[in-house]
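Here's the structure, in structure tokens; my notes come after.
Naming follows writing order (A, B, C, D, E, F, G and H), and every chain is counted from residue 1.
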């Protein structure tokens, strides 16, 4: 139900064709769909430009099957994050038309609904180390589902600073840069210091000792002395991709 | 020293007009200026689109005077953040042409160098409560210095959710929204759930008990269930403004 | 042993029918029952209106069998919380007349002792997401055991704020509202801002990164800018239900 | 603007006497009043039964003067919390008709609007120590402003457990008990174990070493082994009073 | 090697019967025994009155076998703590004469070396709940190995405060009281408020949510408002027993 | 009111000379005295062997004057801890017969009631550094008020380990040792490794960076690998003294 | 590519034999090698004197195989840390010429490339307890791979301080001392107080309760009152070895 | 008292010229000097190569006067750290021959005892920002007192990475590098990645929000992905200097 439908509805009220209670009921039911354990928010894509994604980590297999089946009936791309391999296998057995991306730990469906990427410059996705890959892949698959082009530079951490400095040109041209880093989380600071693009830092839980869990990387990014950098939750590749998609939604009005 | 100068320099080397040592010296000196206690980074605006700002909080009055005097000689806008009232008074006495913004706790100078704001839609700046004002003002003055237009909605926290819901139209149209909130920091989540714009959350240290210091607000924003939201450090209005400026730098290529 | 018994006992002392030592012994033994590893507090229902519940998480199967068997001999409803599936199966094998509620992870017994729910308005139980279900179910089963009526609204988090706003009427009429939420824990704030009912917030450990463990949700609720909200421990659905039961114990004196 | 007004307004729309834009404007302006730095929420008392209170701690004197002056024009009781003595003096100088409660650090006004307390049993307010007094007084004054009766038992901590045990009768009869405690915060647990009333724990920042700031007391209350206890933020006497008021709002329908 | 041996040795040096190097060597080798991965401290019982105990948790089975075998050759009681069941079984298979205490997770040996308990009043060992049993048992077995008498009161937490109050006489007479408690850890405070005996608080990791890990119980005990209470590490039943043994070492000089 | 009085009272009830209500009243009033803001616990010395001490830090001058005046009327020693110099001066002006110990920040009174120290070996009080002095002095004055003898070794931290090793004989003979240390808090571990006496560790807030506040010292003591050591709250010299007094209360029955 | 190669390259540019683009390409490709998921930094040994080591913990078996295979083709020693036993077995099956050090959890290869240790005094490696062995072994194997000599003293913690004091001579002569300790982490402080050598503290995660995870040991070392001590991350034996190797790289210029 | 004196003393014992008690007394008194509140450790310079420094922060002016006066009588350089300006002025008034270094907040004396710096390469001291200056100055003055040469590069943080990259040659040649950084603390990682020298990271408390206090910088350094880096406590410039001095103590045996 988009804005136009809403205006029409209110006009029919104004013209006396329906009464107040009918309008109330109409507005109440349309944008959500109640399942056993969930209340789907089908209008989210209208409000925010992003479809409702499923955070699978704490959900049972049965809950996932029920929710994803309902979402596949809608005309939007379907995506679930943080899906463990075993759970994904069980869900895919029960629900056709889902694809599992193992390194990203994601399930996707309705990929035909993904908008065609425009001709704008690709979003840049950088990781500090090999171990940050799963989080970066979650961002990459999410951007793909949202119809965005992506370029990747993997394993370019500050212990060998020349590995990132040699990519200066790409860093200058990207409309937005996602930087995924664990340990001390210093790479986003360094990159934000040499690019005019907005940088989205994604701290990862890669590390051990005081670095276990990702707080060190998170604090490193929050306290960056380089402006033009904002941060999402630890390991939140999905959130970084959504932020990057929101930033680039208006870049070339003709295509997106 | 911009990219064109650099290419010219290297060609003179190639043509044997200068030797390697001269090139090295040239590159070493130009972009930085060494003061007693600081090493100014005059090229930052070339690399990142933002001039070097001064974090005044831990600097002595003498250090501020030396640094700001040197920066005023450059053709860029000058800005210093987290300047206590007393320190600002002492600095302004010694350095002409600086203006103090009390509620934002900022000093600005060389305002004639601020680029003319383009005709694009204004960046939206929202606060949850009256007490969040100083941080929001820091963001507002920074955006002004970076040549961006700003619209503000102040005191619209979730305890009276209708105060923000009534601004739905502005929320839909803004190119980027900065939301400043202390206490439980829930306002960015609510806003990100009803807008397609990228939202930058700024947690503030407003609160008491477990909320003192702003960690509660920060965690609330990092763990938002609404995507399209990224976060800067607690009380970092300056950083949020820089991120918003980076996001909008390409929005209408003709004017900016 | 209720208050009337106690007064009678003291009168027999006053009248010389028994001596001091006998009174002491009498008072010492009655309200508790010593088992191998536990000291049951049979009078808790008299003192507090709630029977003694068993926190099963850290107890061995043998301890649970011994304790629950003893409790089933008393005329009160029996309930155990945080019972893992395997442990529940082993206990049920050894002890008849216990029922396992899998999603709530609870064992209940002596359900015939549950008081008939009065005709008062039902307690409202809300969750922010599907993943919060187990904690909500623990609250729901506990309320059932305490003879309270419950209405549920599941999956109504702030990312789609309209999902809860459409239930305004129920929110206005409920005598008390339990709100179960993980992640940023913002839903109780929003609800407390639109209802005159007391709200009990239950933070859950649902989340990841900085949200793992539930501290973010807990802090969000403790720092709510909306008054009329109090909080229980992370994942403590049982405690929230007891608080709600205590709040409603006097609502209609004729029935409860 | 109460519910009846709203229904009338919608009927005039239905009958064509006004158009949609007028309704929108009407709804937009009524419940809030925009000041320089605040957006007052005059309808909060309609929605939640509690007037909007002012958290004065982080506000400037000028902001307080502007906000309180506007609130005094409304027909509701006015209250501001966490008002330092000096700030209170400056505000009272500028705004007539405000009263300062020094130990509670509160400003109150429009006391003639306070509803007459009903004849129901008083809410019980207990402190563990003398040092917890300011927080308890904040709760007491708030309850007075909300038209509730209060009984107090001050300085009854667990180091001398008999001090609270001797008040068993009052503990049994209170409709709700607020327990204010710092240090180890054990008193609410002990009280919740001997009363059927709902207990609201208020941890205080009284303590030193590991107890400084109140986290120890907060954790003690959250982890209570006695059910029927919920907790508010550290030092939040105001919030505890609002919760207690919400709990007792329906106790005797004839008077409140 | 006790003090008398040492004096003799120095006299032989003084009388020229041995030279300095011999003394040095003698002193170097005697009190320690080097194994592959450990350096046993056989003189600890002489210095501190307690034999060296083995913390088994992070040691491999082979390390435990080597260390315990060497210790069994000495004339002191042997004890190892935090021994998982599987590891204990493997060690007992390889080393004769060790006994495993499952609920205490301890291995003991050379029990014939345990001194006869004197006729003094027994040390009192109290737990708040059934789940605290393993930690209490670790304390009980350790006290047994150190030749101390123990009386136990298990499951007497503050949710039913009468369960501990009825033991006032024992509480008054004990030479020292060990109180083991998880959750909010309030029991040691209550007991220290009604006894002249020194109280040793042992916080346990029993709890969940904010109570998981035992920090809440630890903080509760450290911030007790009742003096005469000191605390050991979370779950450290062994340490509490050693402290209690040290306190009672001189109580009746004729027997110990 | 001691135990003998209580037995007499109950016999008069048994013999019908008084009725139940009189007994109840009698028991209720005697051990406590209600002041404006405090409820004094005069029987604490009977129950625990220690008089009630006043934690002055968070109390107002007026509260201290009222409480200490009431306590001086009782026949016990009076002591208040954590009294800032200015507050002490104001209190001493209003209340005669109080003495201020500046380095210990304590007020004492009724010193004639202090019991004569027995002839037993003195309690040993050790500090790691000069900066730990105020906390050690709080312990020393408290022990003096409780009639205990004290020997002190100040400034003997582990950076120069020989400073403590040279006192081996005193360490061997002390009935109990209080060790006060900030920074890394290692001294109690070292001492507990070379003495059979029970050691009470007092972490202090002396330190900076990660050591500020005393958590490092506290953790160091809690995790000591040397048994026979228990810990009190950071800076709690008073609590350590009370624990030491409780430990030594029975050492020589003829004198104490 | 070492410094000499670089100079030659720049001269060929200067002499017109190659053009700028060629130089850029040359510099870009040489020092790094791009694999599927990694970007190897072959020049690290030239820049820092240490070869690039692989942190295996969060990498998949396939990633390890790809990376280690590529590194074995280079003429430097190969080492991977934190390799779980199962993963090591799978990698060794796929890649020849790797050796697994089980207690150190390391894989090494190309050992023929290890430089011959010089004749300088060995680096001293001390552990506080047997459980600290794996971390110490990680340091020992790393030092071996870097061509350093090592002497070890294992299990010499502060509970038996004489065990370390008896090694005074070695402590005086070592060029650098690595001290590995868990629990309270006091051993580095004690050692730094008696040696002129720089001490590198390695906190370990050995401990339980408040000591679990190693923060207590880390804080103990950071807050040492003995200067001449610096610290690496918890369990970071590899990092300590690298620091020790850097410290000793110039000690006898003829051999290293 | 150095090692030679000790040997002589023991020979006189061996030869019967003195008895055991005399030796004991002699050893006891020499290396320490007892003042009112301190026990000076005059032999520290013999044991560790560094004189005893005074941490002035928590000491009273009188304590400082007593301690520094005693130290000035010894033939070693005297230094006190963390001396507030006011306190320094009061001390200098009472004690001649002390010099105050305001930006380093240090007092020094007996500078004639400072050894002549050798001809070795200077230690390199780098700061990330101007605000880190006081901590760097504390390191610089300490190194001066220990007879070390220092080169400084101030204000070279990662927001402008070229500022440090241009100093590659100095970074390659320094025997040890101290890097002082607040905020995200990334500079030591970057430097350790491009130098073979051991790097000592000094996190500073410069920052705000989540960076306040220096934990973010500390964690950043501890979790560095670049080996060859060890860390000291937050703001511990003194400790870093001592570590650097220990590292360079043997570099050129002829001069130091």
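The definition used in the following text is that a residue touches a chain if its C-beta (ideal position, glycine included) is under 8 Å from a C-beta of that chain, and two chains touch if they have at least 3 such contacts.
Computed from a predicted model, the values in this text were never measured in an experiment.
K.L.:
Hopping along touching chains only, can you work out the least number of steps from chain B to chain F?
P.N.:
The fewest steps needed to get from chain B to chain F is 2.
K.L.:
Measuring between mean CA coordinates, which chain is farthest from chain C?
P.N.:
Following the centroid criterion, the farthest chain would be H.
K.L.:
Starting from the mean Cα coordinates of chain A and chain G, work out the distance between those two points in Å.
P.N.:
Result: the chain centres lie 38 Å from each other.
K.L.:
Report, in whole Å, the distance between the mean C-alpha point of chain E and the mean C-alpha point of chain F.
P.N.:
The mean C-alpha positions of chain E and chain F differ by 26 Å.
K.L.:
Measure off the straight-line distance from the CA centroid of chain B to the CA centroid of chain G, and report it in whole Å.
P.N.:
Centres of chain B and chain G (C-alpha means) sit 41 Å apart.
K.L.:
Would you pick out the residues of chain G that each touch at least 2 other chains?
P.N.:
44, 47, 55, 129, 159-160, 192-194, 209-211, 215, 218, 222-223, 225-226, 233-234
K.L.:
What chain-chain pairs meet the touch criterion?
P.N.:
Applying the touch rule to all chain pairs gives A-B, A-C, A-D, A-G, A-H, B-C, B-D, B-G, B-H, C-D, C-E, C-F, D-E, D-F, E-F, E-G, E-H, F-G, F-H, G-H.
K.L.:
For a test of understanding, state which residues of chain G touch chain E in their complex under the given definition.
P.N.:
129-131, 133, 154-156, 159-160, 162-163, 166, 182, 206, 208-212
K.L.:
Under the touch definition given earlier, write down the residues of chain C that touch chain F in their complex.
P.N.:
10, 13-14, 16, 19-20
K.L.:
In their complex, what parts of chain F are in touch with chain D?
P.N.:
27-28, 31-32, 37-39, 41, 43-44, 47, 52, 55, 57-59, 63, 67, 82, 203, 205, 213-215, 218, 233-236
K.L.:
Please name which positions on chain H make contact with chain A in the complex.
P.N.:
Interface residues on chain H, with respect to chain A: 128-129, 157-161, 165, 183-186, 189-190, 192-194, 207, 209-211, 215-217, 219-226.
K.L.:
Quick one: which bits of chain G touch chain H in the complex? Just the residue numbers, please.
P.N.:
So the residues of chain G touching chain H come out as 44, 47-50, 53, 55, 175-176, 192-200, 218, 222-223, 225-234, 238-240, 242-243, 245-247, 249-251.
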